[in-house]
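Presented sequentially are two complexes of subunit A, the first with subunit B as partner and the second with subunit C.
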Partner chain A sequence: MSLTDSQVERYSRQIILKDVGGIGQEKLLASKVLIIGAGGLGSPAALYLAAAGVGTIGIADGDNVDLSNLQRQIIHFTGDIGVSKAESAMKKMQGINPDVKVNIYRERICADNAAGIIQDYDFIIDGTDNFPAKFLINDACVLAKKPFSHAGILRFDGQAMTYTPGNACYRCVFPAIPPKGVIPTCSQAGILGPVAGILGTIQAAEALKYIINKGSLLTNRLLIMNAFDMEFRTVTFKRNLKCPVCGENPAITELTDYEQPACDISSR
Partner chain B sequence: MGFYDIPDSLEKDIADYEALTAEFTDGKINKAKMKAARVPMGVYEQRKDGTYMVRARIAGGDISPLQLKGLVAIAQKYTSKPFHLTTRQELQFHDIALADTHKIMKELREIGLSTRGGGGNTVRNITGSFDEGIDAQEAFSVSPYIRALTGRMIAEPDSWVLPRKFKIAFSGSSRDTALAALNDLGFIAKKNEKGEKGFMVYIAGGMGTKPAIGTLLYEFAPHTEVYNITRAAKQLFDMHGNRKNKHAARLRFVLYRLGKDEFIKLFEKILAEVRDKKHPVLQLKGLKPPDKGYVMIPVFLGDLSFEIAGKIAGIAAKYGEETIRLTPGQNIMFRNLPEKDAHIISDELAKTGVINEDSAIFDSAVVCAGAATCRLGICLSRGLIKAAKEKWEEKRSMLDKTGDVIIRISGCPNTCGQHMIADIGFYGAAKRHEGRLAPAYYVMAGGVLGAGKTKFARQKGVIFARNAPDFLLELLEHAQGNRKEGESFAGYIEREGGKKIDQLLEKYNAPKQTAAVDIYTDWHAEKEFSLADRMEGECSAGVFDLIDYDFTAAENSLAKGDAEGAVAAASRALLITKGLEAKTGEEAVRLFNENFIGKHMPADYAGVAADFLSHAAISPERALEFLKEVKKLYNSMDNSLRFPEIAAAGPGVGAEKTEFRDFRGVKCPMNFVKTKLVLEGMKAGEKLEILLDDGEPIENVPASLKNEGHEILNMDKRDSFWSVLIKKGG
Partner chain C sequence: MNTYKLDITKEHCPMTFVKTKLQLEKLNTGDRLEVLLTEGEPLENVPKSSVEQGYKLIETVNVGGTIHKVVLEK
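Up next, the complex of A and B:
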């Protein structure tokens, strides 16, 4: 036990929680969480994890802050335009909580670097905005036996699930990357800022619960929400024994960079 | 206009304090709560109920002539008592009405002074050497550090809620005239081989109970580390200090408990954390090197009249801002003067009677306030030095070879009068003589100062207060005649003065009660000596000496086969904790029976008391058991001299260890958070006692603990707070 008085005070409102306490807080301070993508999902996740006292936070993003990001990527400010997103996020996290050590990766996650980056972390948050990255992260985490939180958002809709080794992975539900154009991207279809906030915050809560080992995670469940009618529901599913990555005879045993297949709508 | 920065928060602190005094006057809050608020604001109640002392914090003792003028103007509005200068270079107002205390605070704030941290468990006034700036051996000027660190410390909220007081000092050279090695944290300026500025750092020193010379933390720490080191020491103290027993609370007790290596390891760990936070270094305001001319103005007993203060302020104003320093010797140094002017000013001050060369040894003696005004005092320390000066005035024996000797007197074992480092020192105690209490002093001699050389004075023996002035004069006369040229006083004591003291103690230690010398009445006392009126849950180590004395007497009686005598002495021992005093053995047993047996001690022992009072025989075995039980009770006493009640204890309690934490003054929900953290470190079924404030804390914390599955065994209201006994849930 080595919480300082100022730490006790800073974290008092979560230490009070029966399921956290000083022991939980110590676990948080000793934990390491990687956030991939410092965008709409990564922003709230990073802020909450830093505030909660997650001891080491990695943040990976290869982009720079753009004016069009600011409507939902709340960790970045107008003055940050043109700055690396990872750096901008680091500055804000350290501003909230000097207890936190921040590692930054100013690169896009890909087959070559994924395993190396995730290996140092206890939990990974997928805050990316494209399918190739999401599938890559899933595969990398499954192969490395790392738990992670998935979330996806579009327009007024969002979804989230959590993978831990032994339970269903993202590919168990979505075996392959959908062809290009079938599902539009946010830049094509738009996104309501708070939807990103809600889902990113759910991911932060999952990470904290995983670290303190309390509560029920979104494992083997997909949370689906719609902000337009404001409805939440969960769909349960099982691990797919034929899953190409976590199944009994996996086809995927090493990482490759995925290309989203071109959509063949014209032929239909 | 001050030399240190006043934080913005002070205004609100004063307003809060003012509101509390109003509530107290209206009877809405009790004395204990008022005391808890006023002491950290530098306000103490004097021995006479309803009169108060206000202590202004003066960093390094430096004030400007304009401030001194302002202090006089403020004081004249509220009191006729002179100022008192302290050994921590503060200035005190005496005989103040409570309703005026906040007014003084506001007016002080306007002249750049604060009273916050004048007392209580806080970072106290930061002190410096009297000769800072003129000491030829000085590495560099430390005033800028004292001022900047003061500004930083008094702006930090955690400076006010420490386990006990926290004292910091800076010396400019290895002569260590600021006693850095005897503070909780001490800095001694030095330069390294490269000529860079830095400090030797001492930690966990202090006088008082179980005194210690500071442990050398760093031979050389860069001067940019002053803040970090202070911050780390404060944090270490805050986290590891003993909040239960204020007599074992100062930083040095943490060192005793952990051992030196472990303590330093812990310090380094905290320091590393502090460094990681990248606090800004102290913003030093450069001072130009002072002119070397100075005049030392001895202030007898540290009592400074408004007239003389005004005069000094007037003259000093002509020589600039940086000209007045209150010294740790409770004198005033008129400094930073052109060297050619110094002796002219000195002559002028001598002519007006402000300085008197002949009686300098008495005038510059360091003497605490004593029992006249201090509630902790046992003896009238000021009466003793006055009596000694009066005796000297009758004889006017030559004492010019003792001009450098510093006499230091404390009225009790607390070391406000710094007797631990005296050339010749005294500290007040009580001594039993023919069953009655008489004022007495322990005699100390041969203290040495200096970095790496600091040595405490040795305790030579005890003397009745009434005989102390004759003893002192005879010793000084002997020193005058026998001290060798250039010999330090400690050297003289070592060589032959020590033996002389032994002889003199023997000579003066056969008290005869005569009409002329009433050994039961202290010097300049109005009535016969008694400790009965000084107990109010407050206490100084002198009480423990008395209790130990009675226990020893009981053991001696038993050894002689006097069982009755043992029961009487054992009964007498703890009476003092309740402000009771017995003149005879019978009275002692009766009072003990009424106030302790059945209440704090099992009723079974009433039989011993009854047999004693009816003169029935008591076997030595029963007397021994009785004595053992009283001692056990003494060991269970808390720091407010209270004993556990038998009824509250319940079956089985006492055999196992109960953890204890004092969360008074800790607000919701931090009190719950801290309790929870303590419980997490305990095993199911173990017990924890906590103290909580009345009101919101007691309404919320026990309920929250129950919610977490712990059991509340007992809630016990004491004065303004509660004791809650918790059993950890599974």
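Up next, the complex of A and C:
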């Protein structure tokens, strides 16, 4: 594969980077990234990955665009209200960069479809807004040995970590879904739009670094940020050998749908 | 060891270095690239950026008027 003149110009600012170059750009164009959730996290992730020339981007979301989404889900516009989020996101990505092939999945991720959807991708971005989906994505990626980026956001707070096979997974840090009501959902507690933007953008950066195989990922580290006081810190942790999914004697060997109502499902 | 040529006299920043870098990446270790470029920004920045990214600057020669030849080695 060799870059066309227009590709060289389009990607010139990242080709200049010592750690990207034409070689890294060709890797990006050949790569496949799946974004689960075209919401607050998935919006900036999708826009940046499309702009960077990730060759194939999958976007999975079963919802339609709602007026209350637009405060933070920046890939969707007012005119998209009522349209499938996956389709709306696809149009924007293709508008930014016609080099990108977009696959859309107009469905909510669940035990029956997760393994089938992730299997075609090199890296997965968890942009979901609820614990059952987050634990399912972790388990699906661990079982399929797929790297993924986790992020979670609430009010002014955000966190992110990256899993690659052999390193700590989400369950090593958070072994089980918190009981219903312990952690409020975004619809109950609120979210500052830019917090979604910051974390989704961090996820895009992790995906790009993984693809070009440069830099240090957020593996065995949890990045924690608070936008109210604007503080970032990372906490290191180790793989838990007793982890229920990636440990030495895992209790979880197949996917199941977890109980706990997802963030504002009933209000959609 | 081979020597290749590249003319970036009609390019502007940052495409001057982008095109140089894309050619340098394709070289084998020990190969050289002779880059024709103009005075000013390209002459100041292309050799400097190439060295920063790990390539060797062998020489810079004025080949007439405002055109210079910069020889880089991988």
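Worth pointing out:
As a convention for this text, the second predicted complex is superposed on the first by the 259 of 268 C-alpha atoms of A that agree within 3 Å, B and C clash if a C-alpha of one lies under 4 Å from a C-alpha of the other, contacts with A are read in each partner's own complex, and residues count from 1 in each chain.
FYI, a residue touches a chain if its C-beta (ideal position, glycine included) is under 8 Å from a C-beta of that chain, and two chains touch if they have at least 3 such contacts.
Given the structure is predicted, the values throughout are model-derived calculations rather than measurements.
Three-chain overlay on subunit A, with subunit B and subunit C in a clash. Residue contacts after overlaying the shared chain place A:229 against neither subunit B nor subunit C.
Taking subunit A as the reference, the larger set of touched residues comes from B, when subunit B and subunit C are compared. By the touch criterion stated above, A:18 is placed in contact with subunit B and with subunit C alike.
In the superposition on chain A, A:248 makes contact with neither subunit B nor subunit C. Contact with neither subunit B nor subunit C is seen for A:259 once the two complexes are overlaid on the shared chain. Touch criterion met: A:4 reaches subunit B, while subunit C stays clear of it. Once the two complexes are laid over each other on the shared chain, residue contacts for A:98 go to subunit B alone; subunit C is not touched.
Within subunit A, the residues touching subunit B in one complex and subunit C in the other are 3, 8-9, 12-13, 15-16, 18, 21-23. The touching residues of subunit A, counted against subunit B in their complex, run 1, 3-5, 8-9, 12-13, 15-16, 18, 21-23, 98. Against subunit A, the residues of subunit C that register as touching in their complex are 14-15, 17-19, 21-22, 25, 49, 52-54.
The touching residues of subunit A, when paired with subunit C in their complex, are 3, 8-9, 12-13, 15-16, 18, 21-23. For subunit B in complex with subunit A, the residues that touch the partner chain are 158, 235, 238-239, 273, 276-277, 669-670, 672-674, 676-677, 680-681, 704, 707-708.
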